[in-house]
Amino acid sequence: MTMEAFGEESDDERRWEESVEDLVPGWLSEEELAGARARVPMLYVEALPVRVDANGRVSQVGLLLRGSPTTGRMTRSLVSGRVLHGEELRDALMRHLEKDLGATAFPVVPTSMVPAAVAEYFPWPTGRFQDWRQHAVALAFVVPVSGECQPRQDALELSWLTPEEAVSEEITAELEGGRASLLRQLLHHADAI
Amino acid sequence: MTMEAFGEESDDERRWEESVEDLVPGWLSEEELAGARARVPMLYVEALPVRVDANGRVSQVGLLLRGSPTTGRMTRSLVSGRVLHGEELRDALMRHLEKDLGATAFPVVPTSMVPAAVAEYFPWPTGRFQDWRQHAVALAFVVPVSGECQPRQDALELSWLTPEEAVSEEITAELEGGRASLLRQLLHHADAI
Amino acid sequence: MTMEAFGEESDDERRWEESVEDLVPGWLSEEELAGARARVPMLYVEALPVRVDANGRVSQVGLLLRGSPTTGRMTRSLVSGRVLHGEELRDALMRHLEKDLGATAFPVVPTSMVPAAVAEYFPWPTGRFQDWRQHAVALAFVVPVSGECQPRQDALELSWLTPEEAVSEEITAELEGGRASLLRQLLHHADAI
Amino acid sequence: MTMEAFGEESDDERRWEESVEDLVPGWLSEEELAGARARVPMLYVEALPVRVDANGRVSQVGLLLRGSPTTGRMTRSLVSGRVLHGEELRDALMRHLEKDLGATAFPVVPTSMVPAAVAEYFPWPTGRFQDWRQHAVALAFVVPVSGECQPRQDALELSWLTPEEAVSEEITAELEGGRASLLRQLLHHADAI
């Protein structure tokens, strides 16, 4: 995590605002959201999309690749997003999967909301995970998808990689906020590395 | 668990022997199996088949209903079976799911082999779980199935119940070996009760 | 969960406010907290204190017993509390354990923050869990304690019960917000029922 | 995992035999054990000893260092051992912790036997984990120890390392049977790397 990364996510934030407005128009103004963010930890769900064989063995890992509109720097991420007030975790998980992978990805949301990993992001560089915007706690899951994935426009690409490729130095260097560690934890949990 | 239950599973045992012979003809004689059983704990996998909605919420629970050929008493069980020498856990899980639910059940085997529950069966009545035949340790999973289930002949019926029905006194009284507790643990894990 | 329970927790809320003020005097005004609560899910940790034998087997379960100052009705609860902005989960867990069990309880906070259960509380009666004040998501853990527990004054009593007593109808009827289900899930997870 | 490692564990096997004989003299002859091993998967428990701070944060990791009596090559391992017939998992876990760490290590055996990781060892080099002696399935746990550790004589040393040191290339190269992957999975689970 370099310091540059801290100043880079304004497109991400905008994207998130838009998605909230799609659902509940006008519900949370930017000021209101900023107010909550400064006062309480934000609850997130995070998902690693995978391709599996008939017996659940992971063959491929999906990572979102996104270019910064300002710097052109490419970054990779998992499917990730905030849980809204009143929203169940599994509904938030599905909403963000559909938003990032399209309507025909057919993700298999887990039956249990006990996560495969818990990631604690802080807006300062001391912890394992960083998010300059906020203190966020993400419940993270491995999610098999069987359909066609068509990322929305702001995610330039969804790359399918083997588990070994996904944890290579080249790829993990492009993961933000310490998520290389989260990626490895999820792949270990799925017996894939 | 009544003492009668301890003397009742000869059809189960036969069924199990047959399945081994299907796979590896002549591989383990009854004597060899009995020998191993008396000396080391047997490793099992166990699965609770469920129907889920698009977001992974459990709507129905599948329990196998089986009549004893000798006494006519009906008993219920989860999908369950031994892990063979050289067999991966996920392959054993799929093999037993196909054996008990048929080839068109389309079970979703979990990506992780970290189980939702671990059940320790002993051939004496002291523990939570009993199996008069052996000391067995079962790794138990909740497994969504989306296709048609056609149990093999010796399982008279696969009943689909709501989670509430499944944990009713009437149904749990028909579960063997203390599995009512395992059923509840799995349904709690899936946020279904 | 009866409707009366929804109007009863003002002492709880006060207690919570006090604890926040102890830590960060004046940090969150009641208005600010109410504002955040209305906008985003609140993140909680919840702990079931247990006594264990040398091999980790649960022998007793600790439940907090608390009288409402207005109605005199007794209610039981687990150790529970909000995660503050900037606070790590394990630090929040320890803070609430110390607050509710005293400084000499010597709780063993788990090494992993992957919870034994996740409980989603909503301020309306539709879900498994209810909390009239807010939408809260609690990461729940089983926590062995080896020392002396001296609950703070507003918790009249910490009762130690056997796991069987703890899940009896009499006791679970006194648990608020659907926590009987959470208690059972945690005890199943610890192989105690 | 090099092929040399496959021919090296006769001291390990002997050690294991001795421990069985300590408990149940004469119970399993070498032939009987070999017979069971060739026919069914062996059930193991495995533990990573850790030092934690008051809030459960891992500060140090304990790895056993052992020299081969024939080749002098040093290898590292976790606490590991077979579950005996009739033995509960948590009792097996404690027995092996005491055997490898001594009577004053004061390990905190987890309340739940749902493992942090499951490792499947095969006697051929295809899987993630290898054990030339047998097909073994290990339920693996992270276990805090608070006392003095005095390894038995055949383990030359118990080294305490920081999590970062433990996953360094130098150290993981000395772990046998693919356990570097297991070590990383357990440390990820404990939020330590």
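Note that the chains are named A, B, C and D in the order they appear, and that numbering of residues resets to 1 at the start of each chain.
In the analysis below, contacts are C-beta pairs under 8 Å (C-beta built on N, C-alpha and C of every residue); 3 or more make two chains touch, one makes a residue touch a chain.
For clarity, every value in this text was computed on a predicted model and none was experimentally measured.
Taken together, subunit B and subunit C share the touching chains A, D. Between subunit A and subunit D, the centres computed from C-alpha atoms are 35 Å apart. Computed from the mean C-alpha positions, the centre of subunit B lies at a distance of 30 Å from the centre of subunit D. Multi-chain contact residues of subunit D (touching two or more other chains) are listed as 88, 113-114, 116-118, 189, 191.
With chains as nodes and touching pairs as edges, the resulting graph is complete, every pair of chains being joined.
Listed in rising order, the residues of subunit C touching subunit B in the complex are 117-118, 128, 181, 184-185, 188-189, 191, 193.
Taken together, the subunit D residues at the contact with subunit B in this complex read 28, 32-33, 35-36, 38-43, 82-89, 113-118, 120, 122, 127, 135, 137, 139. Remark: subunit B residues 50, 52, 54-58, 88, 90-91, 93-94, 108-114, 116, 142, 144, 189-192 touch subunit A in the complex.
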